[in-house]
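Below are structures written as structure tokens.
Same chain, two partners: chain A is paired with chain B first, then with chain C.
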Partner chain A sequence: MNELLKRLTGHRLFWPIAILALLLITSAIVSDDFFSITIREGALYGPLINILRYGAVLMLVAVGMTLVIATSGIDLSVGAVVAVSGALACFWISRLDDQNSVGGVLTAVALALGLSVVLGAWNGFLVAGVGIQPIVATLILLVAGRGLAQLITEGQIITVNSAPYATIGTGYLFAFPVSVIIAAAVTALAMLLTRRTALGMLIEAVGGNAEASRLAGIRARRIKVLVYTFSGFCAGVAGLIYSSNVRGADGNNAGLFIELDAILAVVIGGTSLAGGRFTLSGTVVGVLMIQSLTTSIYAMGVPPETSMLFKALVVTAVCLIQSPAFRAKVFGGRRWAARTPRAGEPPGPGAREPGHRVEVRA
Partner chain B sequence: MTDARPVLTMRGITKRFPGVTALSEVDFRLFPGEVHALMGENGAGKSTLLKVLTGAYTADSGTVELDGAPVHFATPLQAQQAGISTVYQEVNLCTNLSVAENIFIGREPRRFGAVHWRELRRRAAELLARLQIEIDVSADLGTYSLAIQQMVAIARALDVDAKVLVLDEPTSSLDASEVSELFRVMRRAREAGVAIAFVTHFLDQVYEISDRITVLRNGRLVGEYLTADLPQVQLVKAMIGKDLEALERLEEPKEKASAARTQNQRPVVEAVELGRRGSVAPFSIAIHAGEVVGLAGLLGSGRTEVARLLFGADRADHGRILVNGEPVTVRTPRGAIAHNIAFCSENRRTEGLVGELTVRENIILALQAARGWARPIPRRRQDELVAKYISALQINPPDPNLAVRDLSGGNQQKVMLARWLITEPRLLILDEPTRGIDVGAKAEIQRLVVQLADGGMALLFISAELEEVLRLSHKIAILRDRRVVSEIANSEGVDADRIMATIASGAQES
Partner chain C sequence: MTLTDSTVAPQTPSGQPRNGTDWWQRVLHYRPPQRYVPLLATAGVLTTLYLLGRANYPRFGRPQVVLNIFIDNSFLFVVAVGMTFVILTGGIDLSVGSVVALTTVLSATLLSHGWPAYAVLPLVLAIGATLGLGMGSIIHYFDIQPFIVTLAGLFLARGLTYSISTSSIPIRDPFWTFMSQERISFGRQSITLGVVIALVVILVGIFVLGYTRLGRTVYAIGGNEQSALLMGLPVARTKVAVYTISGFCSALGGVLFTFYLPSGDPLHAVGMELDAIAAVVIGGTLLTGGSGYLVGTVLGVLTLGLIKTILNFEGTLTSWWAKIVIGLLLFAFILLQRLVIARRR
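Coming up: the complex of A and B.
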């Protein structure tokens, strides 16, 4: 029993999941019917479904971000790409003779995703080809992307009235929101691509030691271009969902500050900002945690002007609880202390958790 | 000296890591004014013991006494404040700061609250002058050689009135003249009453500088000896726990019939006037199957640069490479690997291994990279390959799922070798494969080189130790000032003296 508990708490996803559960339970106490899920007209409704629905945009962005961070990079431009993608799609649809034409909407989607991929590849080119530091390289697009979105929408908020396009953000398929299905599909695709092939390991190698990877024959540049391109693609899909949801493109506010939430989700999920080992399942938990926090803040009736501060406090607490060093200090050495590894004990995944490393250099 | 009271006593130190007991009930003491060599094979626990001493690790049990009073260091800072200064293998200084700043970092002389720069520089220059080091203290530390950097670190240690100075392999990347400079500075420190704990893999250095020796083996204390009472043979025996058989077997002269082996054969890899401006002057070299070509030369003579050009790690701007007589383009490591050329870099940590990946992942990395990401090596095949090489090279601990950074230096080197061996290279370039590893592992790697050559592989062997190059190579290319000055067959009458003479005179190719 005790052994089982130790194995459980040692798992790298234990704390993220525990905190997520705690958040959900707190929300349930504060607001009634939090766990209630109802079926209306063959579609699922309820607070939990809403968390998934509103979390879809963040989920997509964070999945792309995870792979970028694993190569020890960062992509600050995702919010801008969200805006550009939505702007282009809405711009195209708004010029259609028949906004409900499926073909026209598909063209708009293809154009928006195509541009997002190009923007992502541009980031990859700056980072891997030119050698600009990722934070600077993607900062360029963070600024320029919003400008591009403004350019496309001519500074206006374009609204569309297209049933096929609205399906992306608000439609239902097999009782589930289409946006959630899209986000889940892209996440699953990323997991398959990285873990069923050798891509994940190569990404981790590049992030862990770029020069050693090059000398081992890994095409590090190509891998970097690939992850930034994928991140652009993910942000593009997120932009479609966002703009479809609000039925319009807003170059100023679409995806604003989403890069910060995404980075936060990745880190809370257990991927180190230093690069190397990454966990997409951790990111999924991180996203759900942040989204339920955002949702429950509204549910709890925290006044909007203090909600950001409240969120910051909770996130700080979450980060502290996840730190083995902090737990050891506060809850006393024995029970939750960073498991001092014992002889003969197989070094499970827990041993890789960043906080478990005892490596201090004077 | 012997009747003095030890300044530092460690008793019953035990430290465990996942799957390994790194130290078990180890005692260690240091007397003021002595150089105490800590000896043992890789993984014997030397570095772990020093890290416990300097507060980087916390022991699971055992006591540490400093000046007779029990102490407990939770952090390196605490140890430092108590008078224990450390110089790690990779010098723990900031190369982007000036020499003077490095010496006084955290203790800068101040005037009106601001750093008093002139005073800072004056005191730094004074301090270094006392150690007879004449350098510009306002220049960035990074502009000086590693030897100078080590000495600056020692100067800092002396200035904080360290009682104990810990030097973890300070000489592993220094050449002979730099080592003697360093030893001069160490003797000054010893005269000042500092107790110096010193780790090295060079036996002759131990006998040159140390007064006392403590030997560890497999995390246990073997014994403490006065250097004068311990003949070298006994020391090695204590370290590896068996007779010198292993070493002696290697001493038997290698099959020199190899000259015949290479005659009338097309070289596996041939460089023709290969060169790169600012790196190494155009050189030509031919390596045959079953042949070991040694590169000899001083530190910085261009040995590594030759290897990097052959492997495409640096791009050549002159000449060409032939593989089996066919001209090929080798512009990237990937290109070289495609022609079955492999390269073990001298810098395992920065250019070799990915520390946080496991032993298994590090071993299959090059093979997987060559196959491309879309064709993963099936897990079962991976496990087979990795298990095979873990046992063939005796990688210890034999756990493929351990993060490679948790392995000792010698075992990391074996992981590097395994990575390349599974790619079945035609030419294997080994840059300092035995540096910083113990005698046992060194002998194993040397034996492996002989075996691989016998099996028909071509090898390029680079080492700062001439004896090693002489022992293993069939042919030796000698470098001086980034130029291949001579190539000689390693036949009768070739010895270290002759090679040294060639290096010294810079004789042109005959």
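Coming up: the complex of A and C.
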């Protein structure tokens, strides 16, 4: 029994899932029908479904972000790409003679996704080709991308009135929201590609030590370009869902700060920002945690602006619990004592997490 | 490393022209030390932009235009000084914009409740420094990435701001009115007291980074934290100190913000951390730490300010062009840094 408990709490997804469960139970206590799911006109409704629906945008962005972070990179530009993708799609649709034509909407979607992929590849080129630090490389697009989105919409909020386009964000398929199905499909695709093929292992190798993996015969640069491009693609899809949800493009506010939420979701899920290790299922839990936090705060009747306060507390708590140094200092315990140096001593090689990188300079 | 000494002027029999050629050779073959190359590039861009402005707009040449850049960015100077300290150690502080907003709202609220200025000022500055101290301690002692800790700080400060007030609060305190309206004039030009405070902060920052033990340790940690530790430098104290300095600078920036715009608003300074980081990067400081100058940051803030001024003069160009131009500038400077590093190896 004790052994089982230890294995359970030792699982890397234990703490994220426990906190998610705690959040959901708290919400259920505060608002009565939190777990109720009703079927109206062949579609599912309810607070839980809403969490999934509103979480779809963040889910897509976070899946791309997980793979980027796994290569020990970071993508700050996702929010800007969300804005650009939505802006281009809405701009194209607003110029159509018949906004309800499926062909026109598909062209708009293809254009928006194409541009997002190009922007993602640009990030990948800067990081892998030019060798710029990921934070800085993607900072460029974070600043310039939002300007690009506003350039496309000419600073206006473009509203569209297109039934096929609205389906992406608000439609239902087999009783499930289309946006949730899209997010789930992309997540499943990423999981399959990384866990059923060698791709995941290659990504972790590049994140663990890019130089060593290159010497081992992995095309590290190609892998990096690939993950940034995928992140751009995910952000592009997220931008389509977002703009379709609000039936319009707002270059200023679409996807604002979503990069921070996505990084948060990835870290809460247990992926180390140092790279070399990632868990997509953890990211899914992280996204659900952030989204249910937001939804529960609305349900509790607390002013929504203070949700940031709760987010700060949750992030700090989760990060502290996951930090080996914190566990060693606060809980003491023999398990960590051997791995952590005393204060004032230089940290030994075992002081960091297993994913800790060793610098190799060519 | 430099080529300055390796070139010898050709010897000519006559004395008079030899001095001339010698001097010319020196000028032609002068190569600035490589650590100054990013700084000089920023200064070059700044000068080019200024001359571009002067050539295109007749009223651009008035000295007050330059002084206005200082006035409009006094708070950004102070925030960027703190950010430079953090980035030089190889860290990053995302919380600065939120701390600025928190300071403005807290000051406005306390003042509207009748608190005197001499109590409010130290209190808000102490809160900013304490937030920085807390983040720095978590970063160092629990070994969590600065990015995530200061991200939590961003949410915490902005959330606190919203929980104090969700709307704008005007400031009518006589001290604030004095600080925002008093001007120091030279002839027909004038600056605000906020600019004077910002200049003092910059000078103190340059002194601390260049001429004190703390400053040397900041560069050492940015160069290689392990080596700094093995050299017996006070790594823990210094790392916590830079975040405390950044928190203090953000709070002071918030105070200057309220001198500039006498109100507290939770929507103030959204995204200011990006402006500060951009200014530091454009100023030639490496985001990996260990290399850069505070003077560069000052030039970076001036560059950002000058871009906005030019777009204001143009009138028809709108704010999104500023973002695109700043993005392009960032790209250019980062490429330049890569080239400098590549040549150094």
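One rule holds in what follows: the second predicted complex is superposed on the first by the 316 of 362 C-alpha atoms of A that agree within 3 Å, B and C clash if a C-alpha of one lies under 4 Å from a C-alpha of the other, contacts with A are read in each partner's own complex, and residues count from 1 in each chain.
Just so it is clear, contacts are C-beta pairs under 8 Å (C-beta built on N, C-alpha and C of every residue); 3 or more make two chains touch, one makes a residue touch a chain.
Predicted model, so just to flag it, every value in this text is computed and none were measured.
Student: Which of the two partners, first being chain B and second being chain C, lies in contact with A:Pro164: first, second, both, or neither?
Tutor: A:Pro164 sits against neither chain B nor chain C.
Student: For A:Arg214, is the partner it touches chain B (first), chain C (second), both, or none of the two (neither)?
Tutor: The answer is first: A:Arg214 touches chain B but not chain C.
Student: Under the stated touch criterion, which partner chain does A:Leu273 make contact with: chain B (first), chain C (second), both, or neither?
Tutor: second
Student: With both complexes overlaid on chain A, does A:Gly120 touch chain B (first), chain C (second), both or neither?
Tutor: In the superposed model, A:Gly120 contacts neither chain B nor chain C.
Student: Could you tell me if A:Leu264 is touching chain B, chain C, both of them or neither one (first, second, both, neither)?
Tutor: A:Leu264 contacts chain C only, not chain B.
Student: Compare chain B and chain C by how many residues of chain A each one touches, and report the one with more.
Tutor: C
Student: Of the two partner chains, chain B (first) and chain C (second), which one does A:Thr197 touch, if any: first, second, both, or neither?
Tutor: After superposing on A, A:Thr197 lies in contact with chain B but is clear of chain C.
Student: One more residue to check, A:Ala205. First (chain B), second (chain C), both or neither?
Tutor: In the superposition, A:Ala205 touches chain B alone.
Student: Do chain B and chain C land on any of the same chain A residues, and which?
Tutor: Correct list for chain A: 343-344, 346-347, 351-352.
Student: Chain C touches which residues of chain A in the complex?
Tutor: Those in contact with chain C are residues 74, 130-133, 135-137, 139-148, 150-151, 155, 251, 260, 263-264, 267, 273-274, 303, 305-313, 315-316, 319-320, 323-326, 329, 343-344, 346-347, 351-352.
Student: What residues of chain B sit close enough to touch chain A in their complex?
Tutor: It comes out as residues 16-21, 54-57, 60, 75-77, 79-80, 86, 88, 92, 311, 313, 332-334, 337, 343, 345, 350-357, 361, 365-366, 368-377, 399, 401-403, 405, 419.
Student: Which bits of chain A are touching chain B when the two form their complex?
Tutor: The contact residues of chain A facing chain B are 196-199, 201-202, 204-205, 208-209, 211-219, 223, 276-277, 340-347, 351-352, 358-362.
Student: In the complex formed with chain A, which residues of chain C make contact?
Tutor: So the residues of chain C in touch with chain A come to 92, 138, 141-145, 147-149, 151-156, 158-160, 162-163, 166, 226, 229-230, 236, 266, 274, 277-278, 281, 287-288, 318-324, 326-328, 330-331, 334-335, 338.
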